[in-house]
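Here come two complexes built around chain A, the first alongside chain B, the second alongside chain C.
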Partner chain A sequence: MSRARLMDRVATMVLWLAGLVIITLLAAFLIRILGPGLPVLSWKFLTTKPYSVTAGGGIGPELFNTFYITGLSLLFSLPIGIGAGVYMAEYAKPGRATNLIRLSVEALASVPSIVLGLFGMILFVNALGWSFSILGGALTLALLNLPVLVRNTEEAMRAVPGTYREGSLALGATRWQTVSKAVFPTALPSVLTGVTLVAGRAIGETAILIYTAGVTVSRRFPDFRPFSAGETLATRIWYVKSEALVPDADAIAAGTGALLLILVLIFNLGLTLPIYWYQRRRMGK
Partner chain B sequence: MSRAHLSDRIAKYLLVACAVAVGLVIAAILLFVGKEGLLTFEGVNPFQFFFSSDWNPPKNQFGALPFFVGSVAATGMALLIGAPLGLAGAIFMAKVSPGWMRSILRQASNLFVGIPSVVYGYIGMTTIVPWVRDHIGGQGYGVLVAGLILSIMVLPTIIGVAEDALREVPVTLEEGSLGLGATRWQTIWNVLMPAARPRILAGIILAFARAFGETTAVQMVIGNSPRLVGSLTSGTASLTSQIIMEMGQTPPGSTWNRALFMMAFGLLVNSLLMIMLVRWVSNRGVAK
Partner chain C sequence: MTEHSRITAVDLDLYYGTFRALRSISLDILEHRVTALIGPSGCGKSSFLRCLNRMNDLVPTARVVGKVLLDGLDIYDSSIDVVLLRKRIGMVFQRPNPFPMSIYDNVAYGPRIHGERRKTVLDEVVESSLRGAALWDEVKDRLGKSALGLSGGQQQRLCIARSLAVKPELLLMDEPASALDPISTAKVEDLIRELRETYTIVIVTHNMQQAARISDYTAFFLSGEVVEYGPTGSMFTNPKDQRTEDYITGRFG
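Right after this comes the complex of A and B.
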């Protein structure tokens, strides 16, 4: 066999090995997360309040806060993020202003989450005096969602063929009618895929929330008041593993980690199927 | 003006407002964090802050050098492991793998993204740190484990960008090379990789930026002792880990508090530089 052939053989083997290593790593992670975590998940663990110094506490309020804060953050970021994305795709003319906005979106996407967290802390905790609050946490988290939503919406809108616009405009529709009735519905499945991505990230975020939403929970449960402190599942793991005094920290962290992973999976799957159906229905018409 | 035209006008203004709002956010972040951070130098001399390794806030010593070094070391370690593995994975997915294996790998990559960083930190702390302590030595906590964890966290970024870049190389180049009798590996190494290089490089820079700003996962495994990196397996700290550890104990407006903000500003400036670098690298176009 020639040297080139031999090299090719060896390289192919190394590349296969790399692929297998990546899959093995993932499998090892899943086993390490779900193995010790799943046995901890009981109805009681999921629905009762956490204890601060004794063993046996649950994560009920944290589970509630995770959905509450993620939901609020989407409520704030979806209209603005999608609006800005639609603008960039359909209205913005090439030029200095557009370029500046695009650069800001890229820059915002690259800001480390801890820096966003400190920004939120200055603004909501110190300047506005809200102390650690669900609302402050959600608003700061919205900043993490924004750039992803903008970019994703823009890409989704751009992927819609120009003939859709031309057809609509030729029938006498205004630009907004064209954008809102012809282009956006077509782009919607891709836009929603971006939303699941954003929600998944928001569910697992810690660095932003530690100094904006805090690491404690209200004595009431469930507590919808936006100004009470709101520890989430992810911050709970961080807190029990680095500062808290509970003796069963390992079990709590393992159980909460498994739950987080399952939530992210359900979220991805739970939104993928409806998107698929929507796409098929539109295609079918 | 008809109703349709009125709503057309209103919609346009609303959309402009959204875009401007997003632009203003980054300006506000730069302004607030930058102002708070730069006030540090009322209490500390910049030379001491950047070049001294003595961090002892109660004694008014604010040398942040260990944290800059810690961040660079952990991130460098992450790329040293993550970049070759991710790149190999991307080449495999783009050019070698059969379809079924590719879809498994794509799902795997998505799942790696889905695992929250605090869970990575937790696994590092409970699994990898004890293993390193028993088999390699030292305290376990330190740059080695931080780099290992980060290398896995940056895999999806590198794989995603590099695979796209390799796929988008014009197929004529590949066919030309194969037609001349080159093997698949010769084609990948001598034709595809050079053509995709700018975008692959951009992906690696993005991965660097992401790893540099990662907080919780690093803080949980790096050991959190504010001293210069001694060995790969002894405790140190990074910019992000130090901020998250100490921010809660510092009163707003104190030099200590501001020094932490200055470190955050350093992170911010670094990520902006990386964005510029990515733009510059990818604008140089396809290599010849």
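Right after this comes the complex of A and C.
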């Protein structure tokens, strides 16, 4: 066999192996988490409050808080992030101001999440006096996700061919009409992929929320006040494995981990499939 | 039958930065006629076309000196509404660019952005525009399907229908058939001949036979200038300028 053919065979095998390794890792990961975790998930577990000392506590409030904080942070970050991304792609003129904005976005994107958490603590918990709160956690999470949303939206908009803009403008559309009716709908699937990414991060973020939303839950359940403390599923795992006194800490952590994984999977599928169908319809298969 | 002028360029210069792409162009486009702009690559014919509906405004370095008169008013005057201008002057591009939406939504895009919401009116406009573009029979059963599923020739006729839907007075076509196969090209050419009854058409083409086939008037562009402009028949059989003759006979370009 010639050398080129040999290399071709070797490369194919190596790359195939890499794929196999990934699948194996994922399978091992799923088995290790879902194995011990799934049996713990019961209706009682999902609806009871956590106990501090005795066994048998649940994660009801934490589940609620996870949705609440994620939803609230998306409410803040989506309009600003997507809006800024559209601005950067369609309206910003090349120049110093635009470069400064881009630099700021990149800088914010590289801040470690725990540092953002500390910032949130200094600002929301201490300076504004909110103490540990759902709102503080949501706002700091929004800070974490903003740069990704801006960058992702800008790239998604730029990927839309210029011919669509030309075609729209040549029909007598204004710039806003062109952006909102021709360009943005075309970029929407990519934008939504970014949103899925960002929401997934928010669901699982721990470091930030430890320092802003805290590790306790309100006595009332469900509690809709945004200023109450908000331990989430992710922070619960951390807390229960590092500080808790309850004897069933390991079981609680396993169950919470399994639930988080399932939530993220459902969320991803729930967004990815409709996006895929929408895309197929627009592009005519 | 007297021929009226529809749009007139008066001493038009176009600069891309410091490069003078168009030099003192004065051209009278006549109503209900097909005017062809021919010339070698880079001669300025497409740039000139884009001046007529101010599409060059989109190019940051482009600068226009001179006037383009539509109904006696300079379209580059600051009081002119560019959006309305582009409604009156439609454009079809070299590569078909249907939006990634259904056929219906593509054609209805124009009327919708100009405020039409009533379904009955939109249905009627979509049908008449698609008929006007000789595409209705081929797509009437699949108006809801994506426009990207059509063939190249069909897509280009869809773009023509889309332009017709806003009921323009002028139609600018930038090499509309150059990306199409010969059969689709023939269909588009037939269409242009029919459209002349209702619209004024300016078409850029690098295909001289096409210009000879479908146009009433031809302007020969060279290095940013109009070398010759006149009735197509006499221009091709009896060109006045040596450069025109050289180009037409294929000695260059």
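The definition used in the following text is that the second predicted complex is superposed on the first by the 259 of 285 C-alpha atoms of A that agree within 3 Å, B and C clash if a C-alpha of one lies under 4 Å from a C-alpha of the other, contacts with A are read in each partner's own complex, and residues count from 1 in each chain.
In this text, a residue touches a chain if its C-beta (ideal position, glycine included) is under 8 Å from a C-beta of that chain, and two chains touch if they have at least 3 such contacts.
The model shown is predicted, which means the values in this text are computed figures rather than measured ones.
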| item | value |
| --- | --- |
| Contacts of A:Arg282 with chain B and chain C, given as first, second, both or neither | second |
| First, second, both or neither for A:Ser52, with chain B first and chain C second | neither |
| Partner chain(s) touched by A:Asn99 [first = chain B, second = chain C, both, neither] | neither |
| Which of chain B and chain C A:Ser131 touches, first, second, both or neither | neither |
| Contacts of A:Tyr91 with chain B and chain C, given as first, second, both or neither | first |
| Chain B or chain C, by number of chain A residues touched | B |
| First, second, both or neither for A:Ala182, with chain B first and chain C second | second |
| Chain B versus chain C as contact partner of A:Gly200, first or second or both or neither | first |
| Which superposed partner A:Ser42 touches (first chain B, second chain C, both, neither) | neither |
| First (chain B), second (chain C), both or neither touched by A:Ile237 | first |
| Contacts on chain A seen with chain B and repeated with chain C across the two complexes | 173-174, 177 |
| Residue ranges of chain A touching chain C (in the complex, touch as defined) | 161, 163-164, 166-174, 177, 181-182, 185-186, 281-285 |
| Parts of chain B lying in touch with chain A, wherever the complex brings them together | 4-5, 7-8, 11-12, 14-23, 25-29, 32-33, 36, 85, 88-89, 91-93, 96-97, 101, 104-105, 108-119, 121-123, 125-127, 152, 155, 159, 182-186, 188-189, 209, 212-216, 219-220, 240, 243-244, 247-248, 252, 260-261, 264, 267-268, 271-272, 274-275, 279 |
| Residues of chain A that touch chain B when the two form their complex | 4-5, 7-8, 11-12, 14-16, 18-19, 21-23, 25-26, 29-30, 32-33, 79-81, 83-84, 86-88, 90-92, 100-101, 103-108, 110-116, 118-119, 121-123, 126, 143, 146-147, 150, 173-177, 179-180, 200, 203-207, 210-211, 234-235, 237-238, 241-242, 250, 253-254, 257, 260-261, 264-265, 268 |
| Sites on chain C touched by chain A in the complex | 53, 55, 58, 83-88, 90-91, 93, 95, 97-101, 109-110, 112-114, 145-150, 159, 162-163, 166 |
